[in-house]
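Below is a structure I'd like to ask you about.
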């Protein structure tokens, strides 16, 4: 059940199920059902139990050149402080009823912080990460540990850790927040708590490396003083220099004739929790993909939804029936079971795609399926 | 994060977050957000990220003496066959918008089959079980294995197994179906396939024990020919005689002075998968609870939702603000984080409560919390 | 590395490695090595690092009709009490230097208790089990829980549990003890502690069922009050009636055309820990095998050693180069990587073989291999 | 059972168990036991089942300034080639009967390779690693991947991988080999296979980084093309620059007031498998410890044995009853359950201790115990 090998061969979904002959008695029965808060299966099985996932979400794209100016304007008009908590503007999938949900499970937002501003401390059980498309000067303080945010950095932040942001620079800065807010909201599992309104002076320091990195960012090495398995990563920043080098090496190894890439020209790394080598967050998978110029990824469809952001380069993508040219910073959604492939531009620059998805939820519940799709 | 020890002490939720001063520029910004399918956090954080789970579902009860006559009437008026697939009537939580959802994640239905009827074969990735309140005469055929259904029996059925039902008796029969249909629908992970319209004669046999029981229902013994761990139970029936004896022994051991019960007078068994001793289904936990006459369970609240059915005896229950007398067959819902306790009647009969819940979802994702609640 | 697929094709072991030319200088070097407690690889690699396991242990058989009279005589001559602790007589593999080791890792002994005798309480980290070939009247008291021992019963007893035996009958009784004493001795990991010299009157009760069975011996059902995973089984007796039925059902299912046996006519069950469905003890695997009359098991060789006892019926076995007729109670050893097969007599009685082995050690360390061997 | 909390309080081991009165009948019984390859428990329980582990191995030290000259002399006198396979000289614990065993489970040897020499390709199921005290110029080629060996590097090599060594430099080089040869020999689980006598020209390349490092040595990042969990590390070199930095950071964090060390002044990292964050080899734990000048480690005893090598600095160690001054390159053994502590010299240099142990064997089998020992 965890791969595509046994997928149904039926090409089309069936017609709506045939219904019993209408009659006064049947009408009375249906009214009784309604009065008693009952609902028959046979009238709605086609929608409820489809042949394969048919996402309510749309394949949709948000353009960075539209998004960033609106964030700037919010920076001018909307203060940051206790209550509103964050100047975060969420992608609202147009088919999800106006809710601030990029996909049924995932929240994706641009967050914007003006020079000298602080976003106050709080904690919540929702898992979060930051991904930095451009800029620097902001530190996220997690349990008192100040974590620098710079271009290309990935900062995971497991649920129920105290955190705040402070902009120590003279320029505004923006980044992407990803969370499992829609999943936690749907599943009714979230807790939230306010922290202190201001950090100590020490916490507002601006070190190049967080303590978490100094303890954990050594390949294959684990501090013997901290051997406990943790459900979320204790490493609070994954730096671009490491990610970039790992992707380059995969392509170089491929060029030398060794297996290292997902498919020809398609390198990818997954951000992992150094206490168990599994996903960096229990409900969100995060990866960086690199496509050598002029290369396409294998068209695939999978259970679960993803959000992508173009980090470097440009190209085009296909999501289900949609075809888009994509550029620096563009964000788009791949709904469950829609076929996705990406092609990098033919120039000299590889296209880098940051991806996050809800796949760990399905893997944990033995409900994941995926398959390559021939053209 | 997996227990109640660190729960926030704040007694009340905060007021709605203070908003920026209205202005023409702010109005324009909000209109731009809407046009660009964006949605700010600061206007809705209170609903999106509550202090603790606040279920959309209601605590609600469905009375068996209302439910069963309506199922009978459906038996008279609604044929069973391909397309509609099953004569199943689902509990529709009054606060979930008319959808056939007992809770946000769980489906609970009464299914009804007339003498000689067959419910046609299909399979789906949604996990299912049957629980038999009363009656007998129906066999569920799973992958060709005919499984008798009798009073008190619990029949799990992991996703993607072919199954059908046939009533070999001269009386109609009803039972309870539990599935994770709402969760699969929300998470957009479900697949479905039609099977054969008719079973072979051999499959319509009516053996006392299924082959699955003959292979797997031996305490502590595992067939060496089948050592693979399976995500769902290969044991297709858990018989009442075993469940009843296990509960009685717990109470007897308690009476002799040994630790065996959850709390004084409160025995409970969990149905488990004999290949890993974990939950019988990856997304649904199923248990039988027994309260000695005149006993109360410890009031508790937990992340995730449950459905209960009174199997034996009677008594009263408290769910959040609701208090109900409960009797044979009544079904009720405990929404996420609402306090629940049950009290059995003072007579001579213990009260048995069948429970199913979505707890395994939260445990798999490290998102579960629970706590005893003092009166 | 965990199966036979990649086994080396080399049919024979190499000759002893060629050695450097003898010379006075080399002689002096070797003397220096010895003085400095050093030892070169090149002189002994052939023994140290063989092509495949070549067991120091012999394939050997101990006849029940020799063993039992000697145990009786010990019952007459040797008292049971504190210090000696148990009247246990161990199988000493003739190739293991006179040590009381059936195999390099496993201890197997006949234990004998006279009417009214008590074997005093102690505990040790070595894991143990009892298997009862015949007789009844003895109870093993584990942490105060009195466990009846009757023909065909299997009683596991994880390390570090207090235990004693008392014979409440008017006849002597004997049984088989299996432990990992040689492994614990070799690996220098064992702890031991004396307990009370006498049990309380209540502990010397003779209940038909232990409390452990009343709590745990219900197929697929787990007490909700005891959900912790335990490394050793909390179920202290696996009764013959269950084992016998499970084996019969496997053969019956096979006869009806369903997959249930290891090979035609060869049924087998493994004793498992109901908290994780894994081996009943972390270092010892225990199984019961049944061969329909006139049936042979598939010849196999595996990493690790086993001890077998004939429980019912008779037949013949092949272990490496050895062929033996075997009868009721006979015990024999299969050393590591020696080919084993068994054939039941042609009469009307199946042959039942109780087996225990050190396989879990190798599985836990990813060092197990096994393969079918064609004749 | 996995920690010291429940250790027996008995300070001394009991006297040898009292024996039955000698008699002709008893003598005859004992002779019968011997003839039938039987061995009674009551005559030897004190040795077989001690109160706590009493290692057959000695605490012993091998001095580098004795070891290295003998390895040089072997380089002069003993050729390397097929058959003898390696110029490896093993530490032979003086209490283990002259066998080349540092401890009952662990092999530790100095290996020596002359300029231009090759150690021929083979593979074996025994797990191995190399640790480089000094020098460079040798590459270990693992499945065709040439891995440079330089001072401070740690090179794990899981069982059943093809490997050879070639010295591309103009100087001889030596290093330490650690393997589980004694455990595999005892447990009779080892396989061995000869490979090619000569490597290809490409395999004899001398790259600064192996392909394994290019693919795997990126902190927290996993190649998406290789997601399978492996029992042994796919990362074939852990470089000193990383290890040194990780240890320095722990001491620096401690100095800043944060928890990062095992005890004041005692930093330690464990080498781990990047596919599961567990031990780098299933049967061998490898760590590097650093003691700030003038610091002592907490005296501890643990189940299982260790071998240490002084990598940097000097100081003194206590092992059971032994006290030694230790210097660069010295190797010593800590037997099971003997108390160990180390103290670094008071100068300006920290003492670095490389440690390997058999702890994963005991953890996998739930047989590990350890405890701090007050002076």
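To keep things simple, chains are lettered A, B, C and D as they appear, and every chain counts its residues starting from 1.
We take it that contacts are C-beta pairs under 8 Å (C-beta built on N, C-alpha and C of every residue); 3 or more make two chains touch, one makes a residue touch a chain.
Values in this document were obtained by computation on a predicted structure and should not be read as measured data.
Centres computed as Cα averages put chain B at a distance of 42 Å from chain C.
Put simply, the C-alpha centre of chain B and that of chain D have 52 angstrom between them.
Annotation: 30 Å between the Cα-based centres of chain A and chain B. The set of chain B residues touching two or more other chains is empty.
If the chains shown are joined wherever they touch, the resulting network closes on itself as one ring, and no chain has more or fewer than two partners.
The set of touching chain pairs reads A-B, A-D, B-C, C-D, using the touch definition from the header.
The touching residues of chain A, counted against chain D in their complex, run 211, 214-227, 229, 233, 235, 238, 242-243, 245-246, 249-250, 252-253, 258-262, 268-277, 280, 287, 289.
Touching chain B in their complex are the following residues of chain A: 1, 6-8, 10, 14-15, 17-20, 23, 25-26, 29, 32-33, 36-45, 48-57, 60, 62, 66-67, 70, 73-74, 76-79, 81, 83-94, 98-100, 104-105, 109, 124-126, 159-160, 181, 184-194, 231-232, 282-283, 303-305, 335-337, 358, 360-362, 364-369.
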